[in-house]
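Presented sequentially are two complexes of chain A, the first with chain B as partner and the second with chain C.
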Partner chain A sequence: MRAADAFTPLAQDQAAAISSRPSLSYWQDAWRRLQQNKRAIFSLYLIIGLLAFTFIGPMIWTVDPSSQDVDQISIAPGADRSAILVKDYEPWYGELSEDFVANDNAVGLTFAVAPSTQSVRLSWQAQGERAAGGYRIYRNLFPITAGRSLGLPLAETQSLYFEDRLDLRPIDYYYSVVALNKRGEDSDLVATLSTTVTRVITRREAERRGLLGAAEQVAYGHEFQLKLHPLGTDYLGRDMLSRLMHGARVSLFIGLFAPILYILFGVLYGSVAGFVGGLTDQLMMRFADFVVALPFLLFMILFKVIFGIGPGESGIMPMLVAMVVLLWPAAARLVRGQVLQIREEGYIGASRLLGAKTPYLLLRHMIPNTMGVILVTVTFAVPSAIFTEAFLSFIGMGVAPPTPSWGSMCNEGIKTMLTHPHELIFPALFISVTVLAFNLLGDGLRDALDARMRNRE
Partner chain B sequence: MSIAEPHSESSSNGHSSAASALSSAALRQLIIYFGAAIAGCTLLMFALHYLASAFSSGSTTAIAVDPENNSISIYLKEEPPSLNSTITTDSVSGMVLNHVMEGLLRMSVDDKLEAGIAERWEVTPTHATFWLRDNALWSDGQPITAADFIFSWTTALRPETASEYAFLLYSIKNGRAVNEGTMPAEALGVSAPDPHTLVVELEQPMAFFDKTVVFPTFFPIREDFYNATNGRFGADAHELLFSGPFKLTSWVHGSSLLFEKNPNYWDKDRIKLDQINVAYITQDANAAINFFKDGKVAFTTLGAENLIEAQRQGWPIKRNQDGTLFFLEFNHRDERLTRNWNLRRAMQLVLDMDELVYKVTKLPGFKPGVSIFPEWLMGTNAPLREEYPPPQLRLDTAKAREHLALAKEELGLDEWPPIVLLTSDSPVSNIQSEWVQEALKSKLGLTIKIDKQIFKQRLAKMTAGEFDILLAGWGPDYNDPLTFGDLFASWNLNNRGRYMSDENDRLVREAQGSTDTKTRMDAFGKIQHVLFDDVALLPMFERGVTYAVHPQLKGLKRRVIGADTDYTNAYIDTSAGGQ
Partner chain C sequence: MWRYMLKRLALSVVTIWFIATATFFGMHAVPGDPLTSDKATSAKIRANLEAKYGLDKPLTTQYLVFLRNLSQGDLGISFTQENRRVNDIIREHFPVSATLGILAVVFAGLGGVLWGALTALYRNRLPDTIIMFLVILGISVPSFVIAAIGQLSLVNLNNLAGTSILPVGGWGTVQHMILPAMVLGLSTMAYLTRLMRSSMLEIVNSDYIRTANAKGLPSTQVFSRHQLPNAVLPVVTVLGPAIASITTGGFVVEIVFAIPGLGRYFVQAVQQLDYTVIMGTTVFFGAFLVFMVIVVDLFYGWIDPRVRLD
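And then the complex of A and B:
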């Protein structure tokens, strides 16, 4: 056996009391951990950028989102926009200038004047009996090869001239004139002529677009730069950038406002139910179950009717009300679960023993302790609300024209998806990026706010 | 602790090796299940495919143009609601009926009136007489007689039939009274002195009565067959009897229809196709274009967004006017702002329909509207619009603003309230109404609210007059300018805005009552000026259709009156190249 002095008391160590790291509050710690999550921080910057785009953007880019620039319909971003000033349009009845010389192709097909986006004027020589049924004029975007069709039939005429004004763009066109037989069918007598159309603008148009002052004297032939549209224009010549900015207002208004409202309500409802418990809890939660069962779209339409939202008026308010009225139970359930758990914690009992009343307990202990869950719910609710708005606007239940919203812009863009993809891609991209950014941020917040993941490094 | 570690390690090792053995067994089983599932799915797929092709009426084997069977495949936009000619109103039923039925007269390839079941006819101010062919037979071989026409017309007029197009028969003596139930059906002014002569008493002189009888409502129906169907007449292929070039031999509702050449048709030598297979019924324009691309249908309509693709593919593209005029109609009721002439005039002076057609709508068939009478209507000898040039409109924003200021004063307004534009929910009219909205906003500062409604709802609002401006379209019922000319007569129910003008009413009565073509055309010439000066409407555009046809299919005819797509003269020309 050993002697009693085999054990000696350990010398008191001062160092043990000094903490190795600075003390951090819950929020400071959460923020620190959020900063380490690169995806979440990147998303946060994206969202800040988006807010700036929405609220500061229209102050810098002051183009009216509903003004139509019919000279530049469905223009892709970065398209050439120089135009030459010409005289105002006057109808043409086939008169030719004195020095007009016909081409020597099959029907003597010639351009009467230099082709421009205002009009392309064709003139040809009479073919007598070989054109008993008159002439048909075709236009093609692609070079005409043997055995292929001549392209788009523009008109049939008995005269020896034709003026094309249909959607002319500054590109190459291949015009053909075919003599028709008695029954109005194409004969073999064809002439084709190709041209590059130049973009022009009339004085009146230039003045109306603000490119030219009323008193300004500019010679015909002067080259202008048409209005700039950095992201192109839509099917009515409206500026895409401006529409995206104004559309973001609607999308973000619904996207931020609706979740905040219904989650606030859900939090109050859930915490009361969870804290009071018993029969009250049962009744309150059964009512929440009942609300979950109500169909959203139907109620959205009902609210629209009840609100007296007439035709041609915005359906945004009923959308907001429908969301607030119908979507709160999810948040309420979540908070109730949390509160039920926290209610049994020791510090609540202690606080109660010290004489704390219910409101104090709710506000001081319950809600702050569920704050993490609530914040995460909000960040996940935002993208789903944005998406709901986009979907409802897409099916025509949302904004009224000409107010843009991302969803309605997608709806309009999808029709021209193959020919002018930018009209669909931009709003779709904005929806996707916004939804993704909020989701990633929510993800990061969930990790950062989770107290159990604290000090795990 | 130092003892526990190796133990726990070894145990976890043993555990993991056991787990890996377990997982590899599970993996093997999974692979087997997976393989079995794929094999099962493949089998099921083939089985379903076989069943589908066995039961569906050949729609999976649709070939656009089949020279071997001398048949073609096409698609329809929608299912015909009913093929009972007394009650149909829609264009799809009209198209089908025009292939399986023939009336007294028909439209020729050159859009002239020509003999049908009647070999000759005569119209006098009091009577119209039709002499029927002896060799005209129903598809079951029985002769077509005058009684079949009398039966069909009285059926259409009976109040219990509730035919929407019964008014076309009001031109027959007592037609209106029979339709309103104040006279028995026997009182209708039609008679058959012998089985092959049909005599029609006219209510009032009507120079173009013969032009109206090509309309489906005038097609014959045989009484004994009609009664044998127990009220299901026209609901199915076997509930119909045919007088025209084709027989409907199969009608799978919602899916397909099959036309076969009618061997009992009197003019069967004219018909070159043996079969027309309506393989698909789809409203989806893109689906139709894909069917065309895959060589499954011989015809497809093209929208503005498909034109580039069609040109790239080198498809034979065709166009024509479908005869419909679209216009902005104003509400002239007392409580509406649009009753004010100055306001309407201001709008007339700023809306540039050329811009709408050439830059916004962008379809080659469309023409800017200039008059209530579309371009294709014939006058005395030449097109009506050539004989009576419509008024020229010179756009002038400054003058428009003066008119607008006057209107504001006359109406005693401080501020312009929003003006409601009622429109349909089709994509094309969306674009057009947004264009109108912006043009009136930017040039006149007026706020326009777009009221977008589905067809039935829009019709209800049109009838009740719940609009300021209406985006309306009107297609012709018969080949005479009167089908457009009487639109704004004060008694016409289709005058949705209750426009009233004594001068216009007088001119319409003159055109209706006279049998002299020149007098009538003079009246029409004046009507277009009266309506222009009063700004009763703003013609927007005349609609056109752009479509692509299989290169080997020839003789397809698009019509303004009758079948909008007419295959009765079509034939297959194998010398033309494939697609």
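And then the complex of A and C:
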């Protein structure tokens, strides 16, 4: 047998050359898997929507987040924003108007004129000896039931009328007049009257707000529509929608940049430690352990003080730096573990054999191969960074007051939670939705990218 | 075992030293000092005060004095509160934080195991869906919002009942502790539920469960004797970090519920730049956390004989 016959090449088989499926790269495969995950895709759209809200929103809704609308303070979304034109304020000495209606409650308490945001005028009948010490007037925002306090004491008076002009809003008020005994204590002679105050505006105010031209003639009683606030206003009359948009910048800036920065540092640190190995690795990881042991929130607060916030500064930078300084070790540990694993792979040896130097190996092989794990870590780090910002701003250790952030808005909203829940609900909702979206996306990415974690849950 | 313990303890001492050093130099890098106040003090008074607190000495000397005192367990005297030792402040306020934290951890641990086991049992059925939805909610809503909602619903509940079922804020009795502990533990519970669920589902497919089923054990016994104890293990591992995050995360809850814990005190001390209180509290908290991690590790070695401590 001739040697040449022994090695006849096989006829090329076309069928074998065509693979059954098109070959997909790691990232294509991951993207395909991610697309099958409805929750992850939904949250991806949600995040895109949030980013649009943050960056495109302020271009459409151009209201200044720090401008105050003093006519509409703590207004709930969709609230009536009409204001009726009235005469300028004139002092009052207890005389009754024509539309006065007598009341037959305990002290004959009644409103001398229709209550408006300009003034609420109360008048009542003399009670003789039973009111030897005069009368005390209270105002409450809630209905007065048994065992409830009468609310804010407004004044004590000997006369039979009282005018309330204290910070009146177009909401329900419950006024009580109590007769005082000789020692000036509350007696049980009480009358309570409830009213819904109507919002009014004077000609001068209307002109200043730009609702009325200087030469325009409008009759008293004309109804104006005040400025629109789609999500209401906060306790200083600032537009909630605009503040939420600008607060989103702060919250998302910290939420996205802090994790990216500290994970980047952690990745470099961890890959160097894992790759170099030996004593260097031991020392580097020991140092990481120390940093992990620092009580996190306490040090966040300390850092804030150490960096100091000057007047006019927002306090975002100190928070960012503090997070990077304190949070890198987790990523470093993770990447080190991965690098230790990959280091033993055949392709690393091959690359080294071809003359690759350490930086090249790290940047070309190690880090790209840990990219999936890193991406998942970043996605899960975003919600925790947003939480941290919110926590710190909530306890007053985060961004400085004029700068809105979702956390500081919650902090302000929680104080008026009982009367104006929308001031807390909106920022809280935004925090929750953002955190939720990133968590779901993280779950999806983990399933799609991390082969070891697949099929869990 | 003993060698391991010794090594761990030695390492934790070094860790605490690191925390103390970082806090000390961090604190002294702050512009201004606790003696800077609105009240105009003459240079002489200031010098005397500095001498009293040892602030006139070089930083290294101060550092050495601080370390020496620390090694004797003396955390110094508060700057802003006359004659109040930091040790006393901690002794007074830490038990409050710790009680709250322990309750929260117990609540989170038990709840997490229970709900996680339930979701795994009812996998992809209605209870699973409902609980997992609540879990995602628990992870996504910040604790101060949950605290506020909890308080608000408590107010409404008390109003509805006409009496005070549970107090809305403050501290003192068991009734005061229930709501704050639940709020504090909720996010950890949600996290543990997820963990428990996935570890349960992983174990269902393992060989020893199949064996137990094959030899005819009733399913309740398979569940309680084989599945549950093994599934709990990963939950125990993360309990250490969970305790850490709960105790430090506690001061948001302390603020909302007006609880006189150490966290609230710390925030106040930071605002007044009370060096000794800040340093004392930080070092104390750090030491506590380091200690808790060791305890959890030892506990882990005890409940899972496969783990070798060395």
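Miscellaneous remarks
What we mean here is this: the second predicted complex is superposed on the first by the 313 of 457 C-alpha atoms of A that agree within 3 Å, B and C clash if a C-alpha of one lies under 4 Å from a C-alpha of the other, contacts with A are read in each partner's own complex, and residues count from 1 in each chain.
Everything that follows uses one rule, which is that a residue touches a chain if its C-beta (ideal position, glycine included) is under 8 Å from a C-beta of that chain, and two chains touch if they have at least 3 such contacts.
These figures come from a predicted structure and were not determined experimentally.
Legend: residue contacts after superposition of the two complexes on their common chain; A:66 is shown touching chain B, with no touch to chain C.
In the superposed model, A:297 lies in contact with chain C only, and not with chain B.
Using the contact criterion defined above for the overlaid structures, shared-chain residue A:167 touches chain B, although it does not reach chain C. When the shared chain is aligned, chain C comes close enough to touch A:305, but chain B does not.
Of the two partner chains, neither chain B nor chain C is touched by A:379.
When the two complexes are overlaid on their common chain A, residue A:387 makes contact with chain C while staying clear of chain B. Contact with chain B, but none with chain C, is seen for A:183 once the two complexes are overlaid on the shared chain.
After overlaying the two complexes on the shared chain, residue contacts for A:116 are found with neither chain B nor chain C. When the shared chain is aligned, chain C comes close enough to touch A:439, but chain B does not.
Taken together, the two structures place residues 396, 418 of chain A in contact with chain B in one case and with chain C in the other.
Chain B makes touch with chain A in their complex at residues 109-110, 305, 307-312, 314-319, 354-355, 357-360, 362, 364, 418, 420-422, 425, 427, 430-431, 433-435, 437-439, 441-442, 448-453, 546, 551, 577. Those residues of chain A that touch chain C in the complex are listed here as 289-290, 293-299, 301-303, 305-306, 308, 383, 387, 390-391, 394-397, 410, 414, 417-418, 421, 424, 428, 431-433, 435-436, 439-440, 456-457. Partner chain B is touched in their complex by these residues of chain A: 66-68, 70, 73, 140-142, 145, 147-149, 151-155, 165-168, 183, 235-236, 310-313, 396, 400-402, 415-416, 418-419.
If you check the complex, the residues on chain C that touch chain A are 14-15, 18-19, 22-23, 26-27, 29-31, 136-137, 139-145, 148, 152, 155, 194, 197-198, 201-202, 244-245, 248-249, 251-252, 255-256, 266-267, 270, 273, 278, 281-282, 285-286, 289-290.
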